[in-house]
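Letters A, B, C and D name the chains as they come in the text, with residue numbers starting at 1 for each one.
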Amino acid sequence: MQLESMYQEIILDHYRNPHHKGLREPFASQVHHVNPTCGDEVTMRVDLDGDVISDISYESQGCSISQASASVLTDLLIGKNVEQARAVQETFLQLMQSRGEGHEFAEEHEEVLEDAVAFAGVAQYPARVKCALLSWMAWKDATAQALAVQDETDKDRVKA
Amino acid sequence: MQLESMYQEIILDHYRNPHHKGLREPFASQVHHVNPTCGDEVTMRVDLDGDVISDISYESQGCSISQASASVLTDLLIGKNVEQARAVQETFLQLMQSRGEGHEFAEEHEEVLEDAVAFAGVAQYPARVKCALLSWMAWKDATAQALAVQDETDKDRVKA
Amino acid sequence: MDISPQFLDTDRIREDFPILHRTVHGDKKLVYLDNAATSQSPKQVIDAIVEYYSLHNANVHRGIHVLAEEATALYEGGRDKVAAFINAPREEVVFTKNSSEALNLVANVLGWAGEDYGIRPGDEIVISEMEHHSNIVPWQLTAERIGAKLRWFGITDDGRLDLSNLDELVNERTKVVSLVHVSNILGTVNPIETIVKRAHEVGALVVLDASQSAPHMPLDVTRLGADFVAFTGHKMLGPTGVGVLWGRRDLLEELPPFLGGGEMIQTVTMEKSTYAGLPHKYEAGTPPIAEVVALGAAVDYLTAVGMDNVAAHEHAITEYALKRLQEVDGLRIIGPNTAEDRGAAISFTMGDIHPHDVGQVLDEHGIAVRVGHHCARPVCVRFGIPATTRASFYLYSTPAEVDALVEGLDQVKRFFGV
Amino acid sequence: MDISPQFLDTDRIREDFPILHRTVHGDKKLVYLDNAATSQSPKQVIDAIVEYYSLHNANVHRGIHVLAEEATALYEGGRDKVAAFINAPREEVVFTKNSSEALNLVANVLGWAGEDYGIRPGDEIVISEMEHHSNIVPWQLTAERIGAKLRWFGITDDGRLDLSNLDELVNERTKVVSLVHVSNILGTVNPIETIVKRAHEVGALVVLDASQSAPHMPLDVTRLGADFVAFTGHKMLGPTGVGVLWGRRDLLEELPPFLGGGEMIQTVTMEKSTYAGLPHKYEAGTPPIAEVVALGAAVDYLTAVGMDNVAAHEHAITEYALKRLQEVDGLRIIGPNTAEDRGAAISFTMGDIHPHDVGQVLDEHGIAVRVGHHCARPVCVRFGIPATTRASFYLYSTPAEVDALVEGLDQVKRFFGV
């Protein structure tokens, strides 16, 4: 049955028991993203320690795919430096855009994607790709903002 | 050939040698009507002597059907009283709206329509019906205006 | 179950709809319950399109050759059919591209109008919380441009229009009340008479969004008493690309034009133009010719079945569906839970299972429902839910499809382990 | 006559067009020379419509069921095809109902826009005397509403744009220049590069009405340099009910929305809405889904033939037609009388015989031409004529059809005894 290819056990697990959920302090930036076609929403906070992502916390409302995707994201990105994390994000984006070739792509990039390989099946459902990407887009945005804040602070420090 | 049913000899004659053409004085009212779909135009003057239509003069630009129709109109209506003229106008309008039944209708109303029976064939061409009706609509409008002017003048006379 | 006499002969009707015979996800029979989003077209409508392009296609109104005459007769014939369908004179029937354009047209020309009808700074526009976005955003835009105030009716807990503050809400400052006739998300049929009465009492115009009523019940614009009525072809067995605005003749005559261009003019000079008579004044450019011809065929189809029969069929289906759905554990109807004054769109939530997940599992079983906020996000906010799952029925829907939906929902629960 | 190598294989092409095989007035072969009004559709386009409604019809973007996914993919696939056809990124391709709506859209949003692009009282809008009414009236309406000034290029005696006062006409007060690419009445191809250069020099935007160019020549919006380009589906083998507005991304992003409603929003609250990204921001309500799918099929057809080949074919036909027509006694070409920088629409007068009468007799012989002012009344005024007869050609037109036209004109003269 095709459904199982989208709703892998890993996804359902993350959906039922989401990791790192809830909004936490401290944080360098906070964003709110919405999926206009279905109304899914996520509020996401990112905290940095130098260029290391020290925390990602979130509140979200949405389907199993978007919930599980946020949970997997935190597992994958917390503790990585920004460059590594962006590489993961980029790979996940490619996975979501791979359409029919999701499973091959996921297999190839299993080392980078870890639990996120479970989303390979979602790539075949264009309407659900946006669900899976919602938190990843929010993370990208939040991280860019956090870096911008850091830049400002650094400049201030240099000036002072 | 169908064409001949539209372009009766009578129509072509009136087109080549239009009657009562040119703008004349005196006149009680003047109107300008346009056929927006094709750009045909007519300027028409009506003069009244009591309730008798003493003159109809016009300048016009348009196809053979609209030109001939104006010419036939003047032949038919000049000298009639307003009530009679309106009956002719009404009959001509019905002829134009008779679609497939133009010839039967024309035959029935030959006494009223006189030369205008020649337009029976035009009724089968919806796009040309407007051409045939242009001057008749202008006449109706001009006559209504001429009567209104007369009314005003009468009132003034009564008042004076 | 026993078949009530009010049901239509769906076996025969369904034969006319090619798409209802396709299968999805391999060999699953399609159970199409997304009719509030768009309806399917019978072969009579599809054939009308094919015939138009294969035999009669030409631009309308301006030509004297055979094709132009035929195309014009077909196009204006479509207008006659639609006019008869809503009991209006043909001059009052304006073709737009969809309901949304029709509603925007009214919102714009009322913004531009002179003394009598024009919306002025400080004037009030009244809508409701259950409007489709297409009847919210145009008024927000107009209100913002002009500095008018947008106000709205609330919704009661059982999904009805809250009329408790009618007399305060619709007052002497109100210029226009724009209201949905039947809600696409709640299914509610609104009490138009009451609204029209109050609005006209205070001299306000009434715009009716009939997108979800024109397809499903007899609609007599003359009796309704509203000033404008908007609906859309693709929800009434017709094609995409065509909508209808009906407006009272005196209003359409007095109000300024909307879009400018070919067809809508009387005379153009570089300095100034005058505008064509009704209905052409509001139809700029080449109209949706084939679409109007096809909409005419759709109207013929509906008329042949009989709009009373369509309404009765849908009422019966809705009654049955509401009963069956309320037997499903954890299911909550969003909207009236009886079939009285109710259309055939039924929204619901399923415990904690997100509508996306509900819809996905149903789809896997061939059941097409819509999930999300259905372009009526304020309703979801009002009920404190992110989205709903919506099943919506039409003249070809069957009780067996309701059963399939209920069975599908069981599968959903099983799948997510609830 | 001998067939020049640049002619297309019209025998093969015509097989694809069902309507070209019908007869009129009994057994007269249809000679369709009214392509500037609307073009005919090949069976590939008609089949795309049938297939859409018979197998895939659903509302787009918001659904997760199979039909919704298929319909969305088909609709957005149509956008990809159109984008490739004009060498634009897909986000810059907005679907409207026709060219007229596209032009009105631009005229309205520039009227509503803020600082950077907004038209203000006293600003100047420049069009030309050879515009179609659809590129005159929208600007008149905007100019009047705002108190801006409408100015225009004249036409030379041989039907070219009069550029002698370009630098005075397009000046620092000019906010926008909106110009027809190829005139639908004169056939003139305008020197866009020159206009764009001057307009951008003074900071004015350029809107191009490409209704008569997109169907007939390769159109690369990136190279053209204009800021907006409008065209319409029904003139390029596609269906009625769909038009295209291409716009520069930064402009479309910055300018306010046009129509409000479903599809064009990001989030709606009763108080305030935010708008969707491009291109959806400008597509309110259910889009012309089947029409876009069919337009995609039309674009595929044109691309398979090759737009260079279409242009070469039409150039050859135009050359031949101009030569043959000028042999007709009393015939006067209104517009350029050579095929250089010229499209395949040829207007003419025939001595004192009114175009209506010319057209009627031609129709009797199966020859469909257009007569009237062709929605470009100022051109007729400019040339002191009431109307013209216009023959317009397309990729399926043949030299034999030109010959039929010329023979038909002889019949016209005979009939009216000239």
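Note that in this section contacts are C-beta pairs under 8 Å (C-beta built on N, C-alpha and C of every residue); 3 or more make two chains touch, one makes a residue touch a chain.
Remember, predicted model here, so these are calculated numbers, not experimental data.
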Q. Stepping chain to touching chain, what's the minimum from chain A to chain D?
A. 1
Q | Which of B-C and A-C has more C-beta pairs touching across its chains | A | A-C
Q) Can you give the whole-Å distance between the Cα centres of chain C and chain D? A) 31
Q. Quick one: chain B and chain C, Cα centre-to-centre, how many Å?
A. 46
Q. Between chain A and chain B, what is the separation of their C-alpha centroids in Å?
A. 78
Q: State, to the nearest whole Å, the distance from the C-alpha centre of chain A to the C-alpha centre of chain C.
A: 38
**Q.** Junction residues of chain D - those touching two or more other chains
**A.** 25, 62-64, 68, 265, 267, 356, 360, 371-372, 377
Q: Would you mind listing the residues of chain B that make contact with two or more other chains?
A: 37-38, 125, 128
Q: Please categorise the chain-chain contact pattern as a line, ring, star, complete graph or other.
A: other
Q: Please list, in label order, each pair of chains that touches.
A: A-C, A-D, B-C, B-D, C-D
Q. Can you list the chain A residues touching chain C in their complex?
A. 1-3, 6-7, 12, 37-41, 61-67, 125, 128, 131
(Q) Could you list, by residue number, the parts of chain B that touch chain C in their complex? (A) 34, 36-38, 125-128
Q | Residues on chain C engaged by chain D in the complex (per definition of touch) | A | 18-19, 22, 24-25, 30, 32, 34, 37-38, 40-41, 45-46, 49-50, 53-59, 62-68, 96-101, 103-104, 107, 112, 129, 132-138, 140-141, 145, 150, 152, 232, 234, 239-243, 257, 259-265, 267-270, 272-273, 284-291, 356, 359-360, 362-363, 367-372, 374-375, 377-378, 381
Q | Of chain C, residues touching chain A in the complex | A | 25, 354-357, 360-361, 364, 371-373, 377, 380, 386-387, 415-417
Q: Name, in rising order, each residue of chain D that touches chain A in their complex.
A: 61-64, 68-69, 72-73, 265-267, 276
